[in-house]
Structures are given as structure tokens and as C-alpha cells.
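Before anything else, here's the structure in question.
Letters are used for the chains, namely A, B, C, D, E, F, G, H, I and J, taken in the order the chains are written, and counting of residues starts over at 1 for each.
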Amino acid sequence: MALFHARMDVRIPHDLDPDVRADIVAREKAYSQELQRAGKWPHIWRIAGEYSNISILDVADADELHTMLSALPLFPYMEIKVTALATHPSDINAG
Amino acid sequence: MALFHARMDVRIPHDLDPDVRADIVAREKAYSQELQRAGKWPHIWRIAGEYSNISILDVADADELHTMLSALPLFPYMEIKVTALATHPSDINAG
Amino acid sequence: MALFHARMDVRIPHDLDPDVRADIVAREKAYSQELQRAGKWPHIWRIAGEYSNISILDVADADELHTMLSALPLFPYMEIKVTALATHPSDINAG
Amino acid sequence: MALFHARMDVRIPHDLDPDVRADIVAREKAYSQELQRAGKWPHIWRIAGEYSNISILDVADADELHTMLSALPLFPYMEIKVTALATHPSDINAG
Amino acid sequence: MALFHARMDVRIPHDLDPDVRADIVAREKAYSQELQRAGKWPHIWRIAGEYSNISILDVADADELHTMLSALPLFPYMEIKVTALATHPSDINAG
Amino acid sequence: MALFHARMDVRIPHDLDPDVRADIVAREKAYSQELQRAGKWPHIWRIAGEYSNISILDVADADELHTMLSALPLFPYMEIKVTALATHPSDINAG
Amino acid sequence: MALFHARMDVRIPHDLDPDVRADIVAREKAYSQELQRAGKWPHIWRIAGEYSNISILDVADADELHTMLSALPLFPYMEIKVTALATHPSDINAG
Amino acid sequence: MALFHARMDVRIPHDLDPDVRADIVAREKAYSQELQRAGKWPHIWRIAGEYSNISILDVADADELHTMLSALPLFPYMEIKVTALATHPSDINAG
Amino acid sequence: MALFHARMDVRIPHDLDPDVRADIVAREKAYSQELQRAGKWPHIWRIAGEYSNISILDVADADELHTMLSALPLFPYMEIKVTALATHPSDINAG
Amino acid sequence: MALFHARMDVRIPHDLDPDVRADIVAREKAYSQELQRAGKWPHIWRIAGEYSNISILDVADADELHTMLSALPLFPYMEIKVTALATHPSDINAG
């Protein structure tokens, strides 16, 4: 398995139709929670004061990660920055 | 409790005495693991390819966070950037 | 309690309807003053020459901070950057 | 009177003599507290996780500000960024 | 009196009505020249190759500066960065 | 398998002993070529005009990548930035 | 022959007609694959989590590179950054 | 005479009328070539992969430079950055 | 004549001999004042809170400017950024 | 042939032996002029106010460019940024 850190900044255009927007946000939440339940998205935090999140993704590889992230309903409206994570030698939970 | 995200980049001067360095790194590991066991430092990951980590800290408040981080043996040799985390509305473990 | 520093840069689109804009700005002011009176927003300063402010927020935690800031009428039109504050050891008012 | 916001990042060289360093830090604290007591430095906060502070200075003008800051014992070891503050129209304490 | 340095970058939207634009630019020039004649805006230079200026403002304080700059007809279309100036010890006109 | 892009900028201190330096550079080359022969480091290019390379690494996962990169003799003297690569939908070799 | 590294970030406006968009993306893929088959574009990778690619181009010179890239159907909607590559002295495949 | 280096990045809005755009680009080329023939614009190069140029301008002074550049038909759609050039002491054509 | 704006940031190494430093600073001041008296350096301001100045230089051309600045005793210890200034069309003293 | 633009920023350590420094600078000049005479380095300009140059290099390819630049006596003390140049369609000397 492969662990990735992602920061996602949401930038929805101000003139997007409110119904379209509400629908996208609702589908985003449903899809995110489905991935969380599947264990693919173990952590998601809100960055205080920003329409942004920091997430940890746990996937087979970068291909699965990209497929997953690019399927997010908000993907066209987000700036995402991915960082590949390795095991830290001080981690008490590591092997 | 308060949750913080921290990125720590280690920059040890090349001319630091190797014994001093080894001692600092050993004490850093011990202290980090002690805080992990106490539940104050629930996650630590290595950023692949860099002498850096991304950590999640779980503390009473920013005062405890600063006291804890500034007591790290590597603190004088690290650049640390803290981000305050809030609960994400899509988090299935929230609420 | 938790103290946060925030810099807020306002970027209202030029084509926003002037009445909508005036209403948002009026509600922003009312809401900000309500929070100031409640002691949640002890300081707000204008950055000279910019449509921006620097604020100090005094809240229970990052969750309350995010709830409060994301409820600002101008939130969709602001770029906000939050910094977590700790007590400074030289502060004469500190414990 | 003139209000200024300053962010000060301390960068003491690793090879500075420990006694010299301790003396500078002690004198810095004494001088800072003297200025706080005189009402010139109404707020000083630690940025959580960094050897940095955010301060509010209340002085006659930029000349007094520069004289004051450049007299700080840590001045040669700090990177300081000053922002001029104006009254915010929503400030309930203004006017 | 207080001296400030300001860099102003003009960014007028391409789709602004040409008559509106011409009117704003004309009023900007008139207002700027009125402030120059009043001694509040002693210097204004064009940055070669850019729709930008570097200015020196001579005002009572940051409140007057902000009132003045935010009243510029181009203010909604400019990015302004202010720097507080102090007397330089080598200035032959100082003291 | 996992594919990573890495940019490595070499910054050897000017005062490093020339023999130590020559030894590090020689060991770096030998180790890099051993990894190339093992198929772990399929591409390495010099950035024209800079003491830097752009590399493609083909490893089991981020743990192997970090172990491999942090074992480079030049690792303490390099700034490395890793990017996780996924298959591009237009790639004629993907499949 | 000349080797170039290019990072291409796609930024298609949200209000582009979906049919126009689909047509551009389809033509981009066809053209990219034609160039890949011709050996001019030996590598193309997706940056995980971003609508971006990292590519290696193998052309006669910078003129051919620019002609090729500026003919991409997505060129008006991409930010491209080119880096000239030289042979790395450790490359086992280098002459 | 005064020598300036300029980098010009063209950013034409996607929704500009194609005929208007074609006209601007044609007039830009004609004007640029007229200035080249007059010896005012001795060099113009395309940055490979970008809708940008690097130019050397040879004019009387910064006033002539600004008059010339701000008269470019593409000026409202370009970001320009000017650098003042001096004679290099190693230049074999100098002095 | 040619007008330039320069920002100069002084970065004297902490381990420079105090006598050497005092001598450099004294010669810098004398040379700066000589140039001010000659009308070559009409304005010099201190940036409040920083060991930096903002200056206006009035010279024959960029060659004279570079000769003048590179002869400053502090030149080896300064980061200088020059901006070429043109006449602003709103300047009441122009024309 | 291949044309490249390079910006070179010189950063010689303050504690380099003055004789070593003088020798490096003298050899740099001789080598640069030899390359200029050979037609490989058609232009070199000083950036006014900085210990930096902007150069145009005319070489067979990126390999020759890197060999040439990395052989500069000042190479270990310079930060170099290379940009690949293509023919500009408005260039009256092209074609």
C-alpha cells in the first residue's frame, strides 16, 4: 500500500449556479465518506479559516490515487498538492 | 483538545561534531517516541526524499504545543511550520 | 481558550451587483461587531493601503474559529491565513 | 500615535558562544519588558512552533519604531517585517 | 508627519466599459494631482514597462494614508503595497 | 511498482575538504550506476547550467525510495524534491 | 538532437463549452500520441492529483520544440515550463 | 543610449473576439518590426514552450522605453518585467 | 539623466571583525553623503524595522549607476534590487 | 545551433582568500572572453546594481552549454538559470 498526504484548496467560481454548486458539494461529501469507509481516505481535516483540507490517502499506488482524486466532484474546482509519505524511523507503530 | 499539523524540515549544520549530532538525533527519537506513547503526537511520517517529517500533534493548546516542540533536541536545527486543524464536515469520525 | 492571528484579504469580484455587495459589507460589519462585543474578536486593524485586515481571535478552539470565520458574509470573497499564537515568555501580562 | 504590526523571526547562529547568547537573550527580555511597561509594545505573542513573535508596537512614528527595534539586543539576529496599521471601520473601539 | 513608500500595480479588467474606464483614469489623475499640490504625495514615478507606480506619501498618519489611498478612483483595481519609512542616518537632509 | 520524479540540487559547502569531496562524488556515481543497472533509477539527466539532476526512480514504494535516496553519499548536501507519477491517459505505452 | 523536460499544467476555463472542451481534449490526445509514435515525445507522466503532466521531448532544437508545443490543442489553456536537459555524467547509457 | 532587458508574457483572455485578437497580434508584429528596423529593439527571442519573449531594447532612456512598450497593441494583455543593463567588464565589445 | 529606484538590504556576516565593520560602515556613510551632495543620490530612506534602505539615484545611465553602487563599501554585503523609473503622466512636476 | 539565455548570480563567500578570489575572477574573465571570441557567448550584460550577468550563449546543444558553463572558474560560486530560446515569429532577422 502507498500513503499520500494531500492538501486540497477549493476555489468554486462565484458565478456557479447555486443549485449546481449545492449538488457538487453534496456529491463530494458522499463520495469522500464512501472512500473513508472503504479505508482509502483515513484522515481528513479542515484547515482552520480556509476552504481547504489536509488529507491522508491510503491506496494501492499513484494510479489509484489519481483515479480517486480526479473523480472527486470538486476536482475541477480544487488545487491539489500531493506529497508521498514514507515510514518515519521514530514512528512507534512502524514495523 | 487541539489538533495541529506540523511540517518539520531538519537542517543540521555540516560541521556539527558527529558525536554531538548522534546524541541529538538519539535524544530526539526517544523524546518523540515518549510523546507518541503519551498520545500527544499521534502521527509522524517521513516526506519521501527529504530530511523532513509531517506530523499531527494532539495537545491541550498552542502553549503546550510550543513547549513541546521547542523542547525537541533538534528544535534549533529545524524549520517548523504549524497549521491549526479543525474538524472537517465530511469526516465520518466527527461528531 | 485559544488565541489566533488572522490576516484577511478581501477580493470582491468587480462585477458583483452593487446592492448585493453593499448588503454583504453591511452584514459583515454587524457580525464582526457582534463578535467583538462577545469578546471573540478582541482586535481588528486595517492594513494601511490594502483592503485587508489583521485580526486577533479569542475562541474555545480551532473548530469555533472555523465556524466563526466561515460564517462571515465576506468569507467567499476573502483569502484568510490563520496563525496559532502561544504565550510569549517575555509578555509581562503572561501568567 | 502610530500603530505597527511586526513579525520577528530569530535566527541566532549555531556557533554563537552560549554565554554571549544567554546574555543577549536576557537583555532582550529585559528591554522588551521595559518597553511593554512604557506602553510602547502593547502586545507580543509567540508563533506556535517557531522561534518567532508577532508584536504590536505603539509609538510616535516610524523613526521611534526603528530606533526602538534596532536597539533590540537580538536585532542583528532577527528578520523583521513591519506593517503599518490603520483603524478598521468595523472596530467597536474606534472613533 | 509620517512618510510612506507605496507600490501600486493597476489591473483594470479587460471588459470594463471604455467610457467608465476613461472616466476613472481621468478622475484618478485629477485626484492625484490635487494631493500632489497639497504636499501629501510628494513623488510619483512610473515603473518602466509596467502599468504601475512607485510613490512617496507624506501624511499625518496611517489613518490618513488609508483614507487617501482607498479614495483613489483606481483603488478597486489596484494592488497596493505600503512600506513605512524612517529617517536614514546617512541622509544629509536629516536632522 | 511505483514511479517517482525527483529533482536533486547539489550544494556542497565550499570549505569541504577536496579529498572528502572527491570521495563522496566518486561513491555517488558508483552507487547511482549500481541502482541504474538494477533498474531502480531508469533515467537521470543533468539540468543544463546547474549542478542538479532530474531523475525518474522506479521502486516498490515510497519507503524503498526514501531508503535509496537517503543512502546517496551526496544526500546530506542535496535538496531533493519528489513528485509521485501516475500513468498518463495519452501514454501509448500504457496499458 | 535536443532533449527537453516540460511540466504542463492544464487550466481550462470552467465556462468553456463542454463540446468544445471534449473536442480539444480528444485532439490533444491524438496529436500527443502521433508525436509519441514519431519518437518526438518519448515520455509523458501524469502528476498524481493534478491536471498536469511531466514530459520528455526529443526534438531537433528549441524551434521544433516550440512549434510542436504551441500546436497542442490545449496550448492556450496550459502553463508550460521547459528545462533544457544535458547528459548526466553518471548516466550508464551515455556515450 | 540605454539598454534594457525585458521579459514579456502574453495573457490574452480566452473570450476575446477572434477578429479583435487577430488584429491586435498583426498590429503587434508590424509595430515590433518597425521598432526593430529603427534599431530600438535589437533582439527578440521566443521562450521555448511559452507565449513569452525575451527582448533587448536600445533606447534614449526609460521614458522612451515606457512610451514604446505601453504603445504595444498587446500591452494591456502582457506582464512585462524590465531590467536595466550595464556594460559587463568582460565584454570584448565594450569600451 | 536617468532615474533609478533601489532597495538595498544589508547582510553583514556576524563574524566580521568589529573594527573592519565599523570602518566599512563609516566609509559607506561618507561615500553616500558625498554622492548625495553631488546630486547623484537625491533620496535615501530607512525601511522601518529593517537594516535596509530605499533610495532614488539620479545618474547619467546604468553604467554610472553600476559603477557607483558597486563602489559602495557595503556592496559585497548588500542585496540590491534596481528598478528603472520613467516619468509618471500624473506627475505635476513633469513636462 | 542552439541559443540559450542564462542569468548568472555570483555569490563568492566573504571569507575566500583574496588572492584565490582575484585569480578566479581573472581566469573567469579570460575564459569568458575566449568563448566570446569563438562566437559561443555572443552577449554578456551586467545587471545594474547586482553582481550578476545576463548572457546569450550560442552552442551546438545543451551538452556543450553545460560543459562550457560548468568549466567557468566562478561556476562553484554562481547560481545559474538557463532558458532555451527559439526564433520569434516577429524577428526581422529570422528566416
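In the analysis below, a residue touches a chain if its C-beta (ideal position, glycine included) is under 8 Å from a C-beta of that chain, and two chains touch if they have at least 3 such contacts.
Small disclaimer: the values here were computed from a predicted structure and weren't measured.
Q: Name the pair in F-G, B-C or G-H that forms the same interface as C-E; by residue number, over half of the contact pairs must coincide.
A: G-H
Q: Would you kindly give the rotation angle relating chain C to chain H, two copies of one sequence, based on a CA superposition and rounded to a multiple of 5 degrees?
A: Here the rotation carrying chain C onto chain H measures out at 145 degrees.
Q: Have a look at where chain G meets chain H and say same if over half of the interface residue numbers show up on both copies, different if under half do.
A: different
Q: Would you kindly tell me how far, in whole Å, the mean C-alpha position of chain G lies from that of chain E?
A: 43
Q: Rounded to the nearest whole Å, what is the centre-to-centre distance of chain A and chain I, using the mean of the C-alpha atoms as each centre?
A: 50
Q: Quick check on chain E: which residues sit in contact with 2+ other chains?
A: Counting only residues that touch two or more other chains, chain E contributes 3-4, 46-49, 62, 65-66, 82, 84-87.
Q: Sort the chain contact graph into one of these: line, ring, star, complete or other.
A: Graph shape, chains as nodes and touching pairs as edges: none of the named types, so other.
Q: State which pairs of chains touch, listing all of them.
A: Going through each pair of chains, those in contact are A-B, A-C, A-F, A-G, B-C, B-D, B-F, C-D, C-E, D-E, D-I, E-H, E-I, F-G, F-J, G-H, G-J, H-I, H-J, I-J.
Q: Within their complex, state which residues of chain B touch chain A.
A: 3, 5, 28-29, 32-33, 36-37, 43-49, 53-54, 56, 83-92
Q: Can you tell me which positions in chain J touch chain G when the two form their complex?
A: Residues 2-4, 61-63, 65-66, 82, 84-87 of chain J touch chain G in their complex.
Q: Could you list, by residue number, the parts of chain J that touch chain I in their complex?
A: Interface residues on chain J, with respect to chain I: 14, 46-51.
Q: Chain E touches which residues of chain H in the complex?
A: 4, 6, 13, 16, 62, 65-66, 69-70, 76-77, 80-82
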